[in-house]
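Please find the structures below.
Both complexes shown next keep chain A, but they swap its partner, so chain B is in the first and chain C is in the second.
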Partner chain A sequence: MDTRQLLERQSFIELDARSRAKRLLDKGTFSELLDPFQRVTSPWLMRQGIVTQADDGMVVARGTIDGEPAVVLGIDGGFQGGSMGEVSAAKIAGSLELAAEDNRNGIPTRAVILFETGGVRLQEANLGLAAIAEIHAGIVDLRRYQPVIGITAGPIGCYGGMSIAAGLCSYLIGTREARLGLNGPAVIEQEAGIAEFDSRDRPMIWSFTGCEQRHRTGLVDDYVADDADAMRAAVIDLFRAGRPEACRSERVAGFLARLSEVDPGVQATPEQVAAIYGKGFQS
Partner chain B sequence: METIVLEFPAGQPAQGRALVGVVASGDLEVLLEANAANRTVVNITTSVDGKGRLWQAVLERIFGDGSLPAAKLEINDSGATPGVVQMRIGQVFEQLKSTGGA
Partner chain C sequence: MSTQELSKRGAVWLDALTYSAPLQPGYPPSVRVADARLGEHRARFIAVVPDPDNPFPRARGGEVGLVEAWELARAVREVIAADKERDEKRAIVAVIDVASQAYGRREEAYGIHQALAGAADAYASARLAGHPVIGLIVGRAMSGAFLAHGYQANRLIALADSQVMVHAMGKESAARVTLRSVADLEAFTARVPPMAYDIDNYASLGLLWKLLSVSDADAPTRADQTAVETSLQAAFDDIRRDPSRGLESRLGSEHRTASATVRRKLREQWH
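Our next item is the complex of A and B:
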């Protein structure tokens, strides 16, 4: 990206969830389900002395993408770190179920999920976890009919149970800013020790879990610049490509073959991970 | 967490509704809807306790002269500074004018 492009582009990362959804949908087709004025908020946060957000940090936007019916599910990373509570997670799960139902009724609704989340909202514990499981089931159901595209743009990235959801998507798009991982850096350090993973070492963290590396190692399909137009173009390209021959989560044998090449006795390096995972997951 | 309700004089009912902001650290969310003429009601839920007088003073500066449209405002605040509060409220009325609401 040269200076002129940098000045002229509209950053995708800097947009809030609602604006991101608007930019991905065809112009003028945005409409919102369970919008903030319906005030479907978390019933649990208030009781714990935490201020709620009117949409529970979750935007459900309907419209069209490339002329086809679509729903964009935008997590707002600013509110409670994009964590999944009972309401916010149910908004995603319910939308995916409705989109699959549409497809069974001959309406080819597709879905884009904007992952900006640390995973489950700890204040809502099991209810959030249960709803994340429903999201997983919803993605697996819908991806039989249409590609389900996940985007993690940053700055939060995608962690915890929602990184599993990202892994279940037909395609995953990432930017250099975003990170993708099951456990966050502080959790890994706490469990495995600072010699294994120093959670203050940001270059090291990005070298393993940043989406540039995740793309190199085949866990992210498309690596896109922080540009709203480029992001929309990437989404359209992937929808036009149609469903992949096999989703990442269906390539079990291929992943096991790669994993068997990893020597857990040796401290991993990003280059070594790329050398092994870069071979792909064809079995 | 604390809830504060404040009332101010206002003009004609606001046309439409609008939303700005995020309940992120140091920020706030403002939802604006129409109210009956001549009165604006602001419902504030804030993560910071004991700042009722500060809210009264900041909002008095914005609404005190009664020139803004009559509205019901809901503010969900996560520790925004008075400057941010003033900016977000300005933005929500701006949005109301430019788009006729969200």
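Our next item is the complex of A and C:
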């Protein structure tokens, strides 16, 4: 990107969840379900002395993408780290369920999920975890009819049970800013010690879990610049490509074959991961 | 987790419920797969168990690691493939005692999130294909490990026992992430049911199909074994009677009214 392009482009990462959804949908088609004025908020945060947010940090946007019916599920990373509480997660799961039902009734509704999340909201722990299982179920169901596209743009990235949800998507798009991983750096350090994982070593963290590396190692399909138009174009291209022959999470034999090449006796390096996973996961 | 004694519960219950059926060959020591019967029906039983010699050092205590998760996926998908042309799909019983997902640098490097997605996908796909999938919680069902091994089941059964627990994160880590002391966290868990670690509070969330009392969860008596078998068969019959292959049966509890409200309002506004 040269200076002129940089000045003219609209950053995607700098947009809030609602604006991101608006930019992905066809112009003028955005409408929000369960918007903040309906005030369906977390029933669990108040009693812990935590301020709620009127949309529980989750935007459900209907409209069309490339002329086809769509729902964009935008997680607001600015509220409680984009964590999944009972309400925010139910907004995703419930929407995926309705989209799958649409497809069974002949309406080709498709879904995009904007992953900007640390995973389960620990203040709602078990209800967040249960709802994430329902999100997983919803993706696997809907994916049978239409591609489900996940985007992790940053700055939060995608962690915890929601990284598993990302791993279930038909396609995944990432930017240089975003990280994708199961366990947060602080939690690995807490559980396994600082020698295993130093949560303050940001270059190390990005070298393994940044989406540039995830793309290089085949765990992300599309690596896109921080540009709202480029993001929308990438989404349209993937929807036009249709459902993949097999989703990444279905490539069991391929991943087991690659893992058998790993020497678990030595600590991993980004180069070694690229060398092994760079071969792909065809079985 | 390393400070705790390695749990034998997964292995003990898998062995009891399959009447010591031979383990399927070709799986690592940490993933046990046995084909047996559930009443008169064919069933595959699967457990993740501790392996102190696991080549991956962060997955030696019964955690679901990279290899465990993809092997779970393989064990489930074998059944889907074998029954593809059959009308009666074989039952799958996940015997659940999983300490956590594996926390480590190797795990993140090689995409443990993707491995767990592979396992969750396999169980969800089995359920959608018509296999009755039952999760039997005999010990810990923690976080990502539970999402990969059991949470996609049509029905969940748990033993009522003090060592049986379901949670999103261990107490020390949860306190660190939420910027609280462990004492503060424990105070909240006492009055916020979804935050609690014990199985009775978990049962109040309506996610379990049955909570079963047994006399000895570590070394089941004949009566314990019969009680669990009877419950598994009842769950099997209940799944067969249910036209839905989804997870709606978990939405009925008073502690999940918000989950139901969100779905009702979404439906009203959808079109």
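We take it that the second predicted complex is superposed on the first by the 283 of 283 C-alpha atoms of A that agree within 3 Å, B and C clash if a C-alpha of one lies under 4 Å from a C-alpha of the other, contacts with A are read in each partner's own complex, and residues count from 1 in each chain.
Just so it is clear, contacts are C-beta pairs under 8 Å (C-beta built on N, C-alpha and C of every residue); 3 or more make two chains touch, one makes a residue touch a chain.
Given the structure is predicted, the values throughout are model-derived calculations rather than measurements.
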When chain B and chain C are modelled together on chain A, clash or fit: fit
Of chain B and chain C, the chain that contacts the larger number of chain A residues: C
First, second, both or neither for A:Ala54, with chain B first and chain C second: first
First (chain B), second (chain C), both or neither touched by A:Thr117: neither
First, second, both or neither for A:Ser170, with chain B first and chain C second: neither
First, second, both or neither for A:Pro36, with chain B first and chain C second: first
Which of chain B and chain C A:Asn103 touches, first, second, both or neither: neither
Partner chain in contact with A:Ala137 - chain B first, chain C second, else both or neither: second
Superposed model, angle subtended at chain A by chain C and chain B (C-alpha, nearest 10 degrees): 110
Partner chain in contact with A:Thr152 - chain B first, chain C second, else both or neither: neither
Superposition-derived minimum Cα distance between chain C and chain B (Å): 14
In the complex, chain A residues that touch chain B: 16, 35-37, 46, 49-54, 57, 76, 78-80
Residues of chain B that touch chain A when the two form their complex: 1, 17, 19, 22-24, 27, 29, 31, 33, 45-47, 74, 76-78, 102
Chain C-touching residues of chain A, taken from the complex the two chains share: 33-34, 38, 40, 42-44, 47-48, 60, 62, 86-87, 90-91, 94-95, 97-98, 118-120, 122-134, 136-137, 140-141, 144, 160-161, 163-168, 180-184, 186-188, 190-192, 196-197, 208-209, 214, 217, 219, 247-253, 255-256, 259, 262, 264-265, 267-270, 272-273, 277
Chain A partner contacts - residues on chain C that touch it in the complex: 1, 55-58, 66-67, 70-71, 73-74, 77, 100-101, 103-118, 120-122, 124-125, 127-128, 143-144, 146-148, 151-152, 166-170, 172-174, 176-178, 188, 191-196, 202, 205, 207, 246-247, 250, 255-259, 261-263, 265-267, 269-270
